[in-house]
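Once you've had a glance at the structure underneath, I'll fire off some questions.
Every chain is named by a letter (A, B and C) in the order it is written, and numbering of its residues begins at 1.
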Amino acid sequence: MTLQKQRVRWAWIFLAPMLLVLAFVAGWPLLKTMAYGFTDASLINPESAQFVGFDNFAFLLQDPYWWASVWNTVVFAVSSVFLETVLGLIIALALNAQFRGRGGLRAAILIPWAIPTVVSAQMWNWMFNDVFGVINHMLLGVGLIQEPIAWTASPDTALLSIILVDVWKTTPFMALLLLAGLQMLPKECYESARVDGVHPVKVFFKVTLPLLKPALMVAIIFRLLDALRVFDLVYVMSGNNRSTMSMSVYARQQLIDFGGLGFGSAAATLIFAIIALFTVVYLMAARVGREN
Amino acid sequence: MAGISMQTVDKRFGKTEVIQQVDLAINDGEFAVFVGPSGCGKSTLLRLIAGLEEVSGGTIQFDNQDVTNLEPSERGVAMVFQSYALYPHMSVYDNMAFGLKLKKTDAKTIRERVQESARILQIEHLLDRKPKELSGGQRQRVAIGRAIVRKPRVFLFDEPLSNLDAALRVQMRLELKRLHRELGTTMIYVTHDQVEAMTLADRIVVLNGGRVEQVGTPLELYHHPANLFVAGFIGSPKMNFIAGKIAGCNGNLVQVDIGTSHPISAEVPESSSLKPGVPITIGVRPEHLSDADPSEGSEQTSHVEGTVIAVEHLGSEAYIHLKLNTNAADEPLVFKAIGDTGWETGQQATVTVEPGRCYLFDESGNAVERGH
Amino acid sequence: MNAKQMKKIISRTAFYLLLAVIGLYTVFPFYWAIVSSLKTGSTLFEVEYWVSNPYWQNYVSVFQEQPFGRNILNSLFVSVSTVALSLALALAAAYAIGRIQFRGRMLLLFVILGVSMFPQIAVLSGMFELINSLGLYNNLLALSFSYLIFTLPFTVWVLTTFMRELPKELEEAAIVDGATPFTIVTQVFMPLMGPALVTTGLLAFIAAWNEFLFALTFTLSSEMRTVPVAIALTSGASAHELPWGNIMAASVIVTVPLIILVLVFQKRIVSGLTAGAVKG
């Protein structure tokens, strides 16, 4: 047997265990979840499930709580990713400059990224505490607010609090990706711009940003996909609270807390479909953008 | 040990044909060098022999065994790479022993063979070191040692010296030659450097555009290049080419009109069928042109005149670039002069051409048979 | 001092101010958690930016009032086992994808990337059923197993990019030496992939250590909980009286080792993150 044929055979031998495991942990559960979505299965007795067609989906589309969770998720994803991108870009540009203690600062911004989400949620819960929280204390101290705000409890500010925590936690990831992107940009462009005496702000918008766009697009899609499936942050900061509930929290509540295996699965399937659709649209838009 | 023969070998990568219809025989125990410009397919040809690439057509035989569909290890080849490709995490000893261990050779034999190869290459004191602790030349020896211990049927070298500095390269060249004498194994060596090819090879295979242009001993290629490409590739500085046409034939001499006042005479066999008016390219090597007094020499000697446009001093010799007094925009004519030559830019010079030193090439670039 | 120098000093000061704000913003919340964890029940409720008199009792009671030691061991077991399994499977797969030309390679990479984007919720009920039918509910193995859904695609992806960077001639030398692909992976490439394996393993470890949804759903008893679930579900006498001192102490305990790891392997983590994202 020739070398190439031999190697192709080895390739499949090497891939088989990984593919088998992936089929088992991803493929099968996904199909099973989709299948459950068309039944009235309950968590206590999954075997007695009856096929109900699109009933679950029809009900889902009429449920205002589902729509509220979709809205919360979209608001959360768009605003936190937007803030992260802007802040991340600022931090990346700052870290790209030469200064003493740069390594230390770069290490420091990894800290929020390394902290488990649940831990950051609890830390900020405590900082956001209406009576004893340090944030109210600071804001009262400088006179920005007149009386304590119940950050996580009040429907007006609960989602905002969650967004702020997410921004804090994931901006470093964004900043590091963008920093890596910045460091790959060709130096000559900047040197020629400096020789030509172009204003730094103009350099940023005319040179840096266009060159950084590919890295930026990748980082944004990664973060958006992450944000659209958010669960732990929302769950730990405000539980199954309707005013902040994300799609994932909604689906899990139906599935586990209410025991609605069929209905919860339908919600989960819809989330999957929404995210898949979003990904396809994003990738197509990115391709169209590239071609122009 | 093995002789190698290839029959109508083709290699395509997608739509590009890298090797086209190559027929080639390399004798048992021969030191063959594949030479050609970059992209000529010489490395691909070597990799086809190694079995690292699969042929798209044709067959490859070692002695009388068809190895076309065998894996590299089944062919019994050993290869030395340009980047040495030593295993960085293994000691020199383990690098050399790796192939034998994989073949389940017993420990005693492995030790003996590694020791012996190390002795031949004078790297016995390095056996415990890691590759990163070695100099470039030492790494090269280890890479060769790794090939030797396996007692292969054929050694394959892929530009093994091009990462070394000039002095070391000369030394390793001599060592490779010595190694070939000691081992007597067939060796195939790929290089783009024609000096390396001339000094190392028993026979040289000149490749161009995926085809074999000519196969022969170094001196055969020098004296009897088969075509314009080989004539231009072998020899340094390269042969001068002047386009012209046949002005007249006279026994074993032809007169070639190159647009100067006097035609150049070149020697051809009596049986030559060249006719006046036929376009022809005349080739003369710089070392065969002379700036000696034009009045000397036989009456068959021709003269060419021109203006000196550049003088290159190499110390032991000098190369003079001459713009010929013709209207054609030919490349300058280069000739070799003594080291402390008095030629200066702008001077008028006359050089003499011996008829027996001329090469003729017909319209399609093929060599016309020489007079002797 | 002329206007130009003045301008330079101002912009310099503004830049360092920006750096200070960035540093403070990223570090303060964790600093605050440490400060809070060192306060007694009563001083906890007064805002003080410095602890003059550290109180260590929270660190003791977190282990006494709940099986927190057990939770840490659970998290370690789950994370280490899932990472080990992922790396073993992914190393072989990465060699196949990164270094062998075969039909369907791009499709395979696309599928793997797709799986890494799966929302975990989309497989939750199917996974729940699978785990029940395997009899693994409320069992740590259920977590080791289910975490492969996010650690495996990630490790395959990152190791493939590292695998591609290894020199081609090294592999060819091994082929000529008579090495099978299995030998090449285990004896030639694996020793060279050491740093890449550390980086990838560390990132996968952090992801597994921090996972919450599966851990919350597939375990029941507090003895089987992993650290994030234990911290999220810590409760006091009533819903409004959370034991903040304990929670902060627990948070610090599980975060400090991670932060040390991250600081030690800082450069490698950044290269791993960017290998997974930018080059992909």
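Everything below uses one rule, namely that contacts are C-beta pairs under 8 Å (C-beta built on N, C-alpha and C of every residue); 3 or more make two chains touch, one makes a residue touch a chain.
As the structure is a prediction and not an experimental result, all values here were calculated from the model.
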Nearest-to-centre chain - CA centroid comparison: C
Chain of greatest Cα-centre distance to subunit A: B
Intercentroid distance (Cα basis), subunit C paired with subunit B, Å: 58
Distance from the mean Cα position of subunit C to that of subunit A, given in whole angstrom: 15
Distance from subunit B to subunit A - Cα centre to Cα centre, in angstrom: 61
Subunit C: positions in contact with at least two other chains: 175
Residue numbers of subunit A (touch at least two other chains): 3-4
Subunit B, residues touching no fewer than two other chains: 52, 71-72
Complex contact set, residues of subunit B against subunit A: 51-52, 54, 69-72
Interfacial residue positions of subunit C with respect to subunit A in the complex: 15-16, 18-19, 22-23, 25-27, 29-30, 32-33, 36, 44-47, 89-90, 92-93, 95-97, 100-102, 108, 112, 115, 117-130, 145-146, 148-149, 152-153, 156, 175, 180-182, 185, 206, 209-210, 212-213, 216-217, 227-229, 231-232, 244, 247-248, 251, 254-255, 258-259, 261-263, 266, 269-270, 273-274, 277-278, 280
Sites on subunit A touched by subunit C in the complex: 3-4, 7-8, 10-12, 14-15, 17-19, 21-22, 24-26, 28-33, 36, 43, 46, 90-91, 94, 97, 99, 101, 105-124, 126-127, 129, 131-132, 134, 137, 168, 172-173, 176-177, 180-181, 184, 215, 218-219, 222, 225, 228-229, 231-232, 235-236, 247-248, 251-252, 255-256, 261, 264-265, 268-269, 271-272, 275, 279
Interfacial residue positions of subunit A with respect to subunit B in the complex: 1-4, 6
Subunit B to subunit C touching residues, read off their complex: 50, 52, 71-73, 77-79, 81-83, 85-89, 98-99, 102-103, 146, 150
